[in-house]
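There are two complexes below, and they share subunit A, which is joined by subunit B in the first and by subunit C in the second.
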Partner chain A sequence: MIIEKLSLYFQFPFVRYALIVGVLISLSSSLLGVTLVLKRFSFIGDGLSHVAFGAIAIATILNLSNNMLLVVPVTVLCGILLLATGQHTKIKGDAAIALLSVGSLAIGYLLLNLFSASANLAGDVCATLFGSTAILTLTMTEVWLCIGMSLVVIAVFLLFYRQIFAVTFDETFAKATGIKANIYNLLIAVVIAVIIVLAMNLVGSLLISALVICPALSAMRVFKSFKSVTLCSVVISVVCTALGILIAILAGTPVGATIVAVDIATFGMFSIIGRLTGGRL
Partner chain B sequence: MKKPFWSILVLLLLIGLLGGCATSESAAEKSTAGDAAGETVPGNTAAGDTVTGGTAAGDAAAGGAAAENQPAAAGSAIDLDLTQLSSIMVYSEVFSMMERPEEYMDKTIKMAGLYSCFYDETTESAYHFVIIEDALACCQQGIEFIWQGDHAYPQDYPEEGFMIEVVGALQIYEESDREYYRLAATELTVK
Partner chain C sequence: MALLTCQDLALGYEGKKVVEDLSFSVDPGDYLCIVGENGSGKSTLIKTLLKLMPPVKGQILTGDGLKQNEIGYLPQQTEVQKDFPASVKEVVLSGCLNRSGLGPFYNQAEKRLAFANMEKLGIANLAKRCYRELSGGQQQRVLLARALCATRKLLLLDEPVAGLDPKATADMYQLIEKINANDGITVIMISHDIAAAAKYASHILHIGHQKPLFCGKKADYVASDLGKAFCLAKGEEA
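Our next item is the complex of A and B:
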């Protein structure tokens, strides 16, 4: 019965695109997820997507024909401010993210309420935050865009794996060994900001945070080395996203929330496995 | 090491910006299509419509990418049966219909949703819609339909908000020099 349903649904092109794009986004985000979790920036996905939401609100009010011209630079700038300069500011880490996150969200929603001409403001906001069907309503341009961006992110991660590894664990030591830590922090900030902006348009704010944090945390329950955690995180992320999308289309549930639920269940399962194995893998 | 690094960084920023542009354009397209449907743009149900692509519902639709790609109910004249899909699939497919209506032209479609009506007092015309909600019920897609045959409004129509099922072919028509899409329904059932 389920197989029959799935084979019926896979005849729809948008289901195939959703699966491809969801898998690629989850793969890209999980690569940087481990770094963000270890650098104590787990909440940055949420923070930056809220910044992007605020920027979208301003762009909408200004009637910009292309609102991404404002959204991408603003989000990248905030990503740099949070990640690349995080340790040298008066407001540090989680406090800075919280401030930017709630500030952007509140101001964005306030401005939309005051100035937006949209007929369905609540719907627009809801769709942006939760991305209930966004991944199932992709255009071919968006599909190709995601494929391209994912390949770039994977290439950057593979090219600079050693430097990212060094900067993640000990910035001071990395600097002492001649690695330009600030530049690599900047690189991480730019990449994560771009991923978040693109992924927000596709899957909503809620899913981005889950994609970044959950797979990395699950992998850390069982594995200990950076390499094994990263590889496991990628596998978990891809499998959970694919499973979440399939469950969502079968059960008719919101895609983003379903993927998060699968991620949380996987975290619980890996926690048990970690207990049983003593996390010695 | 420095030069390749900066090259990649610049490349990333450019791709990000270009990507943003492309995403925005498609988002704008979506918004337009979604709004057009969600706001239930009135069409003209009065006689004298110029139906340019319409055929009587029930005609066997021939060829087309949509026909090849979309599942049809086996052994029936219905090309696309949306009542067999989960709610999120229905919403996404209706979105696709709004995005690329040309791919669905003259296909016999069966769909269920909430009945909605807009009565334009200036033209004294009623416009009827099937409303499909997304999984979070925050977004809606509406498809206009015209119930073919001798049916008077409001006597023969259900009350607003009732769940209805309609079967008909998608067609294009003109009103005030603008083109609109609607389902030429041959069947309407209150569920």
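Our next item is the complex of A and C:
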């Protein structure tokens, strides 16, 4: 019964695209989750996605044909401002994120209210924030863009895996022993900004933190080495997203929120497993 | 030729001097212990030597072709590390990064080096354990093994025995002494344990309020009034 229904849905290309894009985005977003949690930047997903929301608002008003051209650079810039200079600024990590996040959310909404020609403003805003059905309405170009950017993110992570570990575990030591830590911090900031713009398509601005952080937190309940935590969070993320999309299709629930609900449930499950095994893995 | 020479150095943050008039040199094979009260500028000095911050005045000259990626460093533990999921092996291996090329893997030589250093410090049996679940003494050994992977000539240690129990403290000092004597690695260590400094170091730099009080061979320090006063005071405390 369920299988029949699914195979019916999978005849539509947009459902297949949604699944491919969803899996790729969740894969790349989970990669840096561990680093962000440990660097005390769990909320950067929230902050940067609101910046992206503000940028989308501006792009909408300017009637840009492809709003990614504005959204990606702006988000990357803010990511660099937050992460790469994070240690020495007057406004520290969490406060800076809060400021940027609330500010761009407010300004974005304000601009949309003042200038937007759309008849359904509340619906537009809701779609950007919660992702709603965006992933089901992807165009061919967007699908390829997502695939390309995900592959770049994955390649960068694999290539600089050891540097990312060193900079996350002990930035001072890395710097002192001749590793160019600032460059890698910059790299992490750029990659995370790209991931967030990607993930906005999937779960919308509000739920991105969950996509970035939840798999990492779940994996950290059970596993004890950086490699195993990273691998496990990738698997969790991909499985949860695929499951979330399938449930959303079958039950007709909002895609983003369903994925996050599955992620949260998984976190609960892993917490229990972590308790039971006492962290022996 | 001296490995490291400091000329008329003044240190501090944002132009505000913490300590000035520092001039000293470190020869290959030396074991220099920097002592002084909290806030006297010991950590600032180490950070400046590591080029993590610029000096306010003066300069640091390196000799013997010493490069930044030939220095090992044992920093004080950070907040992040307390819940960091990493195995001992991963942490020690990360010390090899400054001699390694790009790519996701360490090569065989680097893995052997990491393992040899773990053996040397008696933590090879902990290789698969999680770093954050180890005792304080074990964690310091892991970080020391990592520093050994990173160094070829010079090792800087920032309060290596802070928070350790007496047994672990004695073990740590002996390991450092061995590294200095057997492997010929120059050691610069910060400590406020003057008694231990007088016991293990070959040279002592005593930083007082804003300026150096003594700099030279250990024997001279112990014989000086300053050294006598401090060693005596420490002896009474104990």
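We adopt the following convention: the second predicted complex is superposed on the first by the 270 of 281 C-alpha atoms of A that agree within 3 Å, B and C clash if a C-alpha of one lies under 4 Å from a C-alpha of the other, contacts with A are read in each partner's own complex, and residues count from 1 in each chain.
In the analysis below, contacts are C-beta pairs under 8 Å (C-beta built on N, C-alpha and C of every residue); 3 or more make two chains touch, one makes a residue touch a chain.
Since the model is a prediction, treat every value here as computed from it, not as a measurement.
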item: First (subunit B), second (subunit C), both or neither touched by A:161; value: second
item: First, second, both or neither for A:229, with subunit B first and subunit C second; value: second
item: Partner, of subunit C and subunit B, that touches more residues belonging to subunit A; value: B
item: Contacts of A:176 with subunit B and subunit C, given as first, second, both or neither; value: second
item: Touched partner set for A:122, first subunit B, second subunit C, both or neither; value: first
item: First (subunit B), second (subunit C), both or neither touched by A:109; value: neither
item: Touching partner for A:39 - first (subunit B), second (subunit C), both, neither; value: second
item: Intersection of the subunit A residues that touch subunit B with those that touch subunit C; value: 159-160
item: Of subunit C, residues touching subunit A in the complex; value: 50-52, 67-69, 71-73, 75, 78, 80-81, 83-87, 89-91, 94-95, 97-98, 100, 102-106, 128-130, 133, 146-147, 150, 156
item: Interfacial residue positions of subunit A with respect to subunit B in the complex; value: 8-9, 11-15, 65-69, 71-73, 76, 118-120, 122-123, 126-127, 130, 132-133, 136-137, 139, 141-142, 145, 148-149, 152, 156, 159-160, 183, 186-187, 190-191, 193-194, 197-198, 201, 248-255
item: Contact set on subunit A toward subunit C in their complex; value: 34, 38-40, 158-163, 165-166, 168-170, 172-179, 220, 223-229, 279
item: Subunit A-facing residues of subunit B, complex; value: 5, 8-9, 11-13, 15-17, 19-30, 35, 38-39, 69-71, 84-89, 91-93, 95-96, 99, 134-136, 138-140
